[in-house]
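Two complexes, one shared chain (chain A), two partners (chain B, chain C).
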Partner chain A sequence: MNRFVEIAKNPLVISGAAILALLIIGELVSPGFARGDQVVRLLTVSAILGIAAAGQNLVILGGREGIDLSIGAVISLGAVIAGNVMSGSDAAIPLAFAAACCAGFLIGVVNGLGVTYLRIPPLVMTLGMMGVIQGGLVVLSRGVPSGNAAPALMAFVNRSAFLGIPGILFVWAALVVLMALMLKRTRFGWSIYAVGSNENAAVLTGLPARRIRVLLYGLAGLCGGFTGVCVIGYTGNSFISVGDQYVLPSIIAVVIGGTSLAGGSGSYTGTALGAIALVLLQSVLTTLNLEFWGRQVIFGVTLLLLMLLYGRQARLRV
Partner chain B sequence: MQPVLRATDISKSFGAVRALEKARLTVQRGEIHALLGANGCGKSTLCKIIAGTVGCDAGEVLIDGAPAALGSPRLAEEQGVALFYQELSLVPQLSVGDNVFLGREPRNALGFTDRAAIFRETEALIARVATVAGAGLTPDALVADLSPDQRQLTEILKVLARKPKIIIFDEATATLDRRQVEVFFDILRELRAGGVSSIFISHRMDEVFAIADRITVMRNGQTVAEFSAAETDRYAVVYAMVGETGAIAASVRDHAPLKGDARLVVEGVKAARLGPVSFTAQRGEILGLGGLQGQGQKALLSGLFGAEPFAAGRVTLDGVDVTARRPAEAIAHRIAYVSGDRGRDSALPGRSIFENTAIASLVRERRHVIPGALFRTRFAEVLSGLNTRYAGLDAPIGSLSGGNQQKVFISRWLSPSPGLLLLDDPTKGIDLGAKGDFYLLARKLADEGATVIIYSSEDSELLSLCDRVLVLNGGTVTADLTGERLTPFELTRASYGDAA
Partner chain C sequence: MTGLRKFGGRTWIVTAAALIVLLVVNTVLQKNFLEPSVVQSNLTTFLPLVLVAIGQTYVILGGDIDLSVGAIVALVNVVTVSVIAALGGDGTAVALGLLVGMAVGAGCGLLNGLIIAGLRFQPIVTTFATSIVFSGLALWVLPQAGMSVPEPYWRTYAGDILGLPTVYAIYVVAFLIAAFLAARPFMTRLKAAGGLRTAAYQTGLRLGALRVSAFVLSGLFAAFASLCLTGETASGDPLMGQSLAMTAISAVVLGGTALSGGVGGTLGSVLGAWVVGMIGSVIFFAGLPFEYQTLVQGLIILAALAGGVLVTRR
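The block that comes next holds the complex of A and B.
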């Protein structure tokens, strides 16, 4: 019995069950919802959110109220940079990825330096950074959409690469495996958990906690930049607030996946499932033809219920 | 003459620990009364009972002959007992007057704070200590702008505003320098002249004899002696603190001094409340840091480990400079540190026993990929070698008892074994069985060639485990005890700064 409760309380099981339930509800409400090509379409949307959530996941795991509110603005920045670098040319795609990721990484490092060395609370630091980037984007682009995606990039996100599955899904799958290996099997991964669990103890075992935290914010920025390129591949062109819609969902996906907002425990596999469940929920609510406000209410209530469920897990504290 | 305070037959237990057993204390009107005893003898508990912050199981407290209501700080205060807090209770952004009357502001007819009354009464209080007040201590000065001396004085004014008959000063001079202590003593004498009694707990014997009129000594929760300061000497007081058996009985261990070269050389290290401290230690030596609590022992250990780096000085181990600015640097030189505050300094809550054990080895061996199978076998062996009881390496650390947790945290540093092991009150709050395992381990590591430095808040632990004990008082080493001098008597005497 206890064993059963333990399994049922596992965030991976809960997220998986939620995904299954949402697929069934969707299919009942609107036959064809769970059809193969539809599922691939939903997974593609999930992949974009999931890559952004990978960055969010890292800073949250690192603890100390870690959070990156600037990730939306970084996504927008990545999209604008990529659009302008590519200008529709396939040859410039690698350069677009490199430029967007570098810009994201640098912004993330600045976030990290502010959080660790200037001791600015992450919420304030990244919120401020969000404002700076958004303002900068308005100045740079003069508010006019600029740049567009190269055809190969759009194909990478939207068209089948193999067996009807677009390239971005393979990249995301690789990311899930990579993150799991890193978190479970490398010193860096263990350091993230250690720093998030008890920073003082981590330092006393010789871990460079501050450098690790700066790097986590850097990686979050890098994920944001990468997501930005994927977003412009998905939509074709960029506008300066394209990333804003990812801020809250990236955090929520992490929470659904069972990562503690206090840091120090959780997994990216959970976050990936969380991203899928979240996209499915949004999609089901849209299919139900609910008014905007109705969707928001159900969305919010579901989230609160999930947090309540996870919050009731016995916290093992020393 | 009726004493202002008479506490009789006070008993108090915390769980299974008997803190006080029929303790007594009598204080006369207008005297400065020193309360002395080794760590954990119950003097602080007794003071807390008198001040009402802790209840008692049995006993009676009379204040001016009237039974005191025990267990209520508010009532104790009304009866004239005040507890002096050291640097805890001042709000820097408020004025001296506001701080003095914080929470008890006089009201005027309309129910607003009567600022004129605060000013008037604070001014009168300052006038009482005018000889030591110094310039700038006025009722409307901001506490943030005051000198440290004046803040100390404001703390005392705060106590005086309650018009107490008895003030309890628990280690009030611990953080003061010599000149500040003089100021503090002047204030005590002013109070005495005004008929106020003081109960004074100090860790410095010369202070006690400089200021106290009478002395009460406690040991193991009991009051064992009362002296008039003028009619006794330090030897008699220390003797009372240690007890007859302690003074005579030699320690069980063979404390023959080790013959070898100094391999750890600490030269003139300094930190905030430490130093300069210099000493050496040998291979195979278990060196104890003794003295009363908070005399710089912890600062010395965390400085050696680089957790709170020294401001000055040099540390060498086997001829190599190992002065650490970060724990990582100390670890690279095979220095290990185990804290007694497991929750703050050691535990990674929510993580598995395996992670809690193996994390330090990744750093020490500069591994970037975790050798799962290798580490699992290795740490399972290390843990069972320490008699650790655990469900499995993947069980969370919180599932273990305190003693078993501490075994996990020390096993972090055992493979490869450390050259210098720093133990900061490592057996705090762990069971006797685990303590025994811990002592055996420390001895084994020393026999294998490590140097072990241990601070313990229990004198008996140092006496039974250490080859040599350095006694710290006020941040400096006041005695170096080995061989025949390593006795409870000498340790207690040195703890109170009464070096032979």
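The block that comes next holds the complex of A and C.
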């Protein structure tokens, strides 16, 4: 019986069950919801959120109240940079990825330096950084949408590469495997858990906690920049607040996926499932013939119910 | 001096210094800055942020955070405006509308507090989820911006009460409430709850009640801010106050309250809110090209946050 409870309480099982339940509800409400091409479409949207959530997951795992509120602004920045670098030319796609990822990485490193060496709380540091990037975007673009995606990039996100599955999903699948290997099978991965769960102990065993944390924020920025390029591939063009909508969902995907906001425990596999569950939930609510306010209320209440299952904090004890 | 310390610790001195610098710079840039009408109009603009920041301070002192205040502001606004309209828009209707608005704010705060302290939910994610619910409800009450409030409402807000401009009277009331709470054992206990939660629990403090009260206060101050904003805009808007939550958190941190809880006070947050407002004003009057204003504002706020943390670090 205890074994059963243990399995039922596993975040992977819960998010997996939520995904199945949502697919069934969706299919019942609107036949064709769970059809192959529809599912691929939903997975594509999840992939974009999921890649952003990978960055969020790393800084949260790193502990010390780690969080990245600037990820939305970094996504916007990545999209705007990529759009201007490409301006419709396929040849410039690698350069667009490189430029967006570098910009994101640098911003992330600045976040990380502020958090570790100046000891600014992550929430505040990244909130301030969000304001700076948004201001920078206004200067860069002068308020006018500019740049557009190259055709090959749009095909990468929107069109089938193999067996009806677009390229971005293969990239995302590779990222899931890579993250799992990195977190569970490498020194660096283990040191993230060590620093996230007990920093003092980690430092005493000789781990460079500060450098690790700076790198985590850098990687989060890199994920944001990469997501930005995917976003412009998905929509075709960009505007300077295109990434804002990903900030809180990226955190929620991590939490639904079973990573503790206190740091030091969780997995990216869970986060990926969390991202899919979140996108499915929004999609089911859209197909329900409800007014916007009703969808919002149900969405919020469902998030609270999901947290009731396992997003709770430990009881205080005497 | 001990009284002042009780009101806000010592970190507020740094914020006050920053505020004075901003005031001097603004006076140089804007010739009529010290004229009473300009002062009043600036303080009117800053008032909602000041109120939300005071409320947020209690939650942060208790070791939590409230991202839903912006949504509460919107919900209170549309409920108040609708109640006043439904009751015919005379004096009694306005009074009842204000009461219902405050009750809605307190109710939202109570809900946040009960879920977070009672069910042990994580505050950031929870208040984000409840903010989605509150905004949804606001859109249900009033799907589109519109529906004006009766004239006496905004005329009183822009006018005087007992010879004192209404806005100043509201500041006085808000400060009195903050000072009253600062002098109560409540404040010390709340800081204990936020500072060393396990230790506070072991000494027998009723942590649940303390944290729920902090959220109720945050909801009440958000409602207060919303009623002021309504006096300014004179209409209902279900999307009102969206950026207030994040700006208020910046203001609270600028005022020297630690996000980890347990250290700080409301006086600092008031100064912090004024600093945030003044940064915007100084940049506007510095004559920067329009597209650089947001960037410079972001940089100054980030620098101020970093500077504040550095100066007050022990």
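As a working rule, the second predicted complex is superposed on the first by the 310 of 318 C-alpha atoms of A that agree within 3 Å, B and C clash if a C-alpha of one lies under 4 Å from a C-alpha of the other, contacts with A are read in each partner's own complex, and residues count from 1 in each chain.
By our rule, a residue touches a chain if its C-beta (ideal position, glycine included) is under 8 Å from a C-beta of that chain, and two chains touch if they have at least 3 such contacts.
These numbers come from a predicted model, not from an experiment.
J.: Quick one: name whichever of chain B and chain C touches more residues of chain A.
T.: C
J.: After the superposition on A, what does A:R185 contact: first (chain B), second (chain C), both or neither?
T.: It touches chain B, and chain C stays clear.
J.: Who does A:L207 touch here: chain B (first), chain C (second), both, or neither?
T.: It touches chain B, and chain C stays clear.
J.: Taking the superposition as given, does A:Y193 touch the first partner, chain B, the second, chain C, both, or neither?
T.: Only chain B is touched by A:Y193; chain C is not.
J.: Report for A:G136: first if it touches chain B alone, second if chain C alone, otherwise both or neither.
T.: Second partner only, chain C.
J.: Taking the superposition as given, does A:F299 touch the first partner, chain B, the second, chain C, both, or neither?
T.: In the superposition, A:F299 touches chain C alone.
J.: Return the residues of chain A at which the contacts from chain B and from chain C coincide.
T.: In the superposed arrangement, which is not itself an observed complex, chain A uses residues 315-318 for both chain B and chain C.
J.: With touch defined as at the start, can you tell me which chain A residues reach chain B in the complex?
T.: Chain A residues touching chain B: 184-188, 190-191, 193-194, 197-198, 200-208, 260, 264-265, 315-318.
J.: Taking the touch rule as given, give the residues of chain B at its contact with chain A in the complex, in rising order.
T.: Residue list for chain B touching chain A: 305, 307, 326-328, 331-332, 337, 339, 342-351, 355, 358-360, 362-364, 367-370, 372, 396-399, 405, 412.
J.: Which residues, counting only chain A, touch chain C once they are in their complex?
T.: 65, 67, 114, 118-121, 123-125, 127-136, 138-139, 142-143, 248, 251-252, 255, 261, 291-297, 299-301, 303-304, 307-308, 311-318
J.: Please give the residue numbers of chain C that touch chain A in the complex, ascending.
T.: Per the stated touch rule, the residues are 65, 115, 119-122, 124-126, 128-133, 135-140, 143, 197-198, 201-202, 207, 246, 249-250, 253, 258-260, 291-299, 301-302, 305-306, 309-310, 313.
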